[in-house]
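In what comes next, chain A is part of two complexes: it sits with chain B in the first one and with chain C in the second one.
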Partner chain A sequence: MQTTTERPRAKRPAIVKHWREYLSISPFFILFLCFGIVPLIYAIQLSTVSWNGLGEQEFVGLDQFKRLFTEGEFVRALGNTVLIFVLGQIPVILGALVGAVLLSNRRLVGRGIYQTLFFLPQVTSIVAIAVIFQSLFSRDYGIVNRLLEFVGIGAVPWLNSPWGVRIVIALMIIWHSLGYFMVIFLAGLSGIAPELYEAAEIDGAGPMRRFWSITVPLLRPTIVFVAITGSIGGLQLFTQPQVLLSGGTGPADSGLTMMYLQVMYLGTGSSASVEPDLGYAAAIGWAIFFVLIVLAALNSRFLKLNREN
Partner chain B sequence: MRKMIKISAVVTGVVMASSLAACSGGGSNENELTIWARPASVGSNVEELLAEEFPDYDITVSRINTIDDNLRSGLRTNSNLPDVAIIGGNLPEYFEVADQFLDMNEHGFTNEQEIVEWTLPAGQDAEGHQIGLPTDIGPWGFFYRADKVEELGYPSDPDEFAAEVSTLEDYEEFAQAASDAGYLACDSPFSYYRLQLAQNHYMYFDFSDGEPKNILDSPITEEAFMSSAGLIEDDLCANVEPYSAEWNSAVAQDSLIAFVGPGYEEGILKPAAGEDSDVWRVAQTPGGTASLTGSYSTALATSENPDAAAEVAMFLASPEAMKAAYTEQGLFPGTAALYDDEDLRAGDPFYGGQDAFGVFAEIAENAELARAAAGGSVIESEARTALQEIADRGLDPESTFQDFIEANSDVEG
Partner chain C sequence: MATQTATLIASKNGKPPLTRRVRRPVVSHVILLISALIYAFPFYWLVVMATSSTSEIFTSPPRLWPGLSFFDNLGVVLDGTPFGRSFLNSVFVTVVSSAVQVFFAALGGFVFAKYRFPGRDKLFAILLVTMVLPTGVALVPTFQIYAELGWINTYWPLILPGAATAFGIFWMRQGSAAIPDELLEASRVDGAGFLRVFLHIGVPGLKAPIAAFAIFQIMWNWNEYLWPLLVLNDPDKATLPLALALLRGAYGSVDYSVVMAGTLVATIPLVILFLIFRRTVMDNAAQGALKG
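Entry: the complex of A and B
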């Protein structure tokens, strides 16, 4: 009988043992480190200085964060962002859900055409949409007011009043995003077994009952996903007001959103409306981050409650 | 499988190494030059002109909308900068880092291009270094529709019309007559406000002591602001800003029949009115001539070919390059050498054959500098907002003006 004595192999660390695998997934992490973590650390340092981006930096401690609450601009921008979010993002999610349910009806003729038409605005440039909305809602020259005058309602100062500006921006969000959310809901709806609807129909359930008792509960994960991504996107609103208001902030700063305020302080463009201050822009960035964290926490809580129920 | 992982690991390594190398900024060799400019601030055929003039160099022209963002990023790190940059009306903002630009005087600038003298100080920093040379300028004109002014009982000939509407009071009367007939003779109250500042060679700062001193709280600002607010209160303005879709609609729908503005607004007037239109004319502005500076050609000190970069920057301010930029892009030249050019003075069918170039040339030649400072664009923006708030929300002009002065009197130049 021959016995072999195996030498115990030294245990190599996983990173050495699987170096090829680690190298393969490294691009994302290296890029994330370069363009995610490093700027984040830099933003901490930046928020403690006052700097126009070209001259000398001046250390100001936490003054930039105090400015967020003392100068009123950020609070106004936060208020506008929330208002436009409520006016635009909530209706678009509800509208997309209803639209998706209607379009998922197999008896509907030309479903594919409708789906394509609804999705088309999503692939249209936001800048182009903003320019078109500027033309449509012009007080004296826009077709919307011409139509309102034609039916006897009279012209509405859409782009010349605070609420008008917020409503037009909300309408742009609805028009641009409806098709995108609808496609996600349609994907969710396709995962619901048709037998459930057939059985409910045999049991005498009407369309509303089927919607509330089958569609909504089974679509809940999709609804939560859309709510989270929609909220994060909605709170980072910038291009729509910037283009719609031709670089201005609208009457009573009604088009000033959090992201727009940050971009203004970054000193973008040749006709800066404020003196650039990268430190303040960084502080605004942190405030937006904090608002998004709170929102994500609320969403997470909502999701957990849903699961428990 | 193991082989596949090995191959993908090697490919990943190579891709990462090359992409990081690319991110770290590429160098340029001795015969390569890069120019950054906004899409509308250079002629569309500038590459051909440069290739002819500098056959030994490979010159790339990058048309970038966000040129200021890119330039500021580059200047912060002193890397990834072009050799030449054409900067817009905000050139004074860069004087803080003037040492990162080349002084044209040290690279043989003698003004053989015949650049109009009043534009040169606006391209100089506090020490008198010639950082930039004008590639275009903005003489102001009084654009009007000949057919409509005739309808209102005014002469349609530019000289006669200018004589009839020669003062600001005449202009306000003309605007009232237009309004009574259902038209508008003022696009934006802010344009009227700026016209008056330029006519007074004033742009919020006094440079008499060398350093810019904020003199916003002056009778010139007040007069310009209150008279513009007066036009709003009398409903004489369309309240549409040039370069907006609303402005285009106002022109296209025959509502806006006259306006004051810099010559380069011809670039938006023609497409809005229709290139085949022949009813528009241009006259001297009421209240006197006015002209503002435009873009400036600069060369960066980081260039590996400083002499060539300065030469290219100077060429972009030459009559040859400016003639092409005017023909192709409507950019009014800042060189007097072109003001008698036969091709440019031949008359424009859009203006019914009128020598519109000659009108602007006369204004440009006789203008005086309204010198801007770094903080000027912030004050300009605030003035525009204040006038818009009066138009949109009916705010009281007097208190809005006082708020505007209070908020901006300490803006530094």
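Entry: the complex of A and C
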């Protein structure tokens, strides 16, 4: 898109001639430089020191990165993040897919109401969701346990057991994101030609067969997109456990995620008594960064593949 | 799955055979109704708890319908904590941030779409790459930068760093494609300058994408929790999500219905906004996701 200089008058430098255009787009680039790139460079330096934020920085080389693997915490946090992610993500994708297929019938009565209802948690703040779920699942007076007692199963110590904590966080993720994924799947479904289903039905394929042989394969790009988007969010899981566990990390650190661990070592936002170490926190930040970069690369590779097909 | 068939047949001859029309959707309706009830329950229970007194919450068996104590509960929230102030803080931060974000997105997107200048396509390619870079995870250095700028306990970290987003510019550039070049030309012939063309041709032409983007930013800004938690230590400066967490800390073990009244108040504005702009939100949620 280089503008050719046909006339001698146009020899003024582009930056002078087009200053309004450059000025209009500059805020993004300046802000990205200051608050996107500079912190990353700063993070390189920080991850080589041990520092509580107040005293002297002490150079420790690569020790902070070694800590990631030698001290159990980070491995635990990584494990929890992945566990909770799997517990939440697989059911929510399946549920959203089934829901979208059911709602794709334009003649369905109440279609709009269902869609609205399923989307509603998406506009609710995660803090509010965590406060609500904390009370739903509280041990003695939570309505879920009261119901379980009523039907004879008995109370479950949801927030006092490691698996209970993970399951409740996963349920929050499911409740929050189902409607959003459903809307994306609905858009994807509208792109599948009805003739395909018609042909399949003439060939005698039942509803299940049509779902697995037509809907799932043709929706695969959307499914992978949703899975990757979900994992980018899921790996930065923080608010749900932090609020649900009132600033603690839960029994056996079961609610400790990577992002949460980073915030803890930053020295704010948690009741856990760890000595702040900004160097270690920076190293944790790098670890999350690399996992996300791999995911982003997978994502763009996949989008490219889709475009070529 | 069963409904697929119904859709199909409907599309083939306009009206589905009676048996299918009557029988097939029943299965869908049962599944959808049950999930809808489960889905609505946390909201319903929030209303029940927010309108009951704490002793009513702890009765056995529990009372399953709303009570009359909402205003009593709300009174405790407003008297005992700076919750009202937090509400206004959230309104302020949300309105300012969203307005700035919309302005820079619309201006940037319009210029990328409608003007030619050296390096334009390269700059736009860079912008697209930044969309997948997970730079937000560098909490510590970012926090230190805010601290050195003297931004702790101010709203600057919530407004300025995200004032111009790659996604916003991308979104508005897509939207600007629909504005005919002839309109810009005509306006220039009439002697309109750069800013005038943007305000009189760009902004009206971008009405729909601006509305959609604004609603999404409002939702995002209203619910933001991580950065307010890190930079706002002064309870008087707290935004609503932060105030909610504080309220739970202060009253959680004493007066649960008070916490729930606060939660309900913090939740309702966006629910109303969403119900008003339901179609815009849901249509654009899918579009933004698929294009991005």
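Criterion: the second predicted complex is superposed on the first by the 260 of 309 C-alpha atoms of A that agree within 3 Å, B and C clash if a C-alpha of one lies under 4 Å from a C-alpha of the other, contacts with A are read in each partner's own complex, and residues count from 1 in each chain.
The rule is simple: contacts are C-beta pairs under 8 Å (C-beta built on N, C-alpha and C of every residue); 3 or more make two chains touch, one makes a residue touch a chain.
No experiment lies behind these values; they were computed from the predicted model shown.
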item: Partner chain in contact with A:180 - chain B first, chain C second, else both or neither; value: second
item: Contacts of A:275 with chain B and chain C, given as first, second, both or neither; value: first
item: Touching partner for A:46 - first (chain B), second (chain C), both, neither; value: second
item: Partner chain(s) touched by A:54 [first = chain B, second = chain C, both, neither]; value: first
item: First, second, both or neither for A:201, with chain B first and chain C second; value: second
item: Which of chain B and chain C A:248 touches, first, second, both or neither; value: first
item: Partner chain in contact with A:161 - chain B first, chain C second, else both or neither; value: first
item: Touched partner set for A:131, first chain B, second chain C, both or neither; value: both
item: Touching partner for A:28 - first (chain B), second (chain C), both, neither; value: second
item: Chain touching more of chain A, residue-wise (chain B, chain C); value: C
item: Common interface residues of chain A - those touching chain B in one complex and chain C in the other; value: 20-21, 24, 27, 34, 131-132, 134-135, 141, 246, 266, 268-269
item: In the complex, chain C residues that touch chain A; value: 1-8, 10-12, 16, 25, 28-29, 31-32, 35-36, 39-40, 42-43, 45-46, 49, 57-58, 60-62, 104, 107-108, 110-112, 115-121, 123, 126-127, 130, 132-145, 160-166, 169, 194, 219, 222-223, 225-226, 229-230, 233, 240-242, 244-245, 248-249, 252, 256, 259-260, 263, 266-267, 270-271, 273-275, 278, 281-282, 285-287, 289-290
item: Complex contact set, residues of chain A against chain C; value: 1-3, 14, 18, 20-22, 24-25, 27-29, 31-32, 34-40, 42-43, 46, 95, 98-99, 101-110, 112, 114-121, 123-129, 131-136, 141, 143, 146, 150, 175, 178, 180, 183-184, 186-188, 194, 197-198, 201, 207-208, 210-211, 215, 222, 225, 229, 232, 236, 238-239, 242-243, 246-247, 259, 262-263, 266, 268-269, 278, 281-282, 285, 288-289, 292-293, 296, 299-300
item: Complex contacts: residues of chain B adjacent to chain A; value: 5-6, 8-9, 12-13, 15-16, 20, 23, 66, 68-69, 72, 75-76, 88-90, 93-94, 96-97, 238-241, 243-246, 248-250, 253, 255, 375, 377-378, 380-382, 384-385, 388-389, 391-393, 411
item: Chain A residues within the chain B interface of the complex; value: 19-21, 23-24, 26-27, 30, 34, 52-55, 131-132, 134-135, 138, 140-142, 157, 159-161, 246, 248-249, 251-252, 266-275
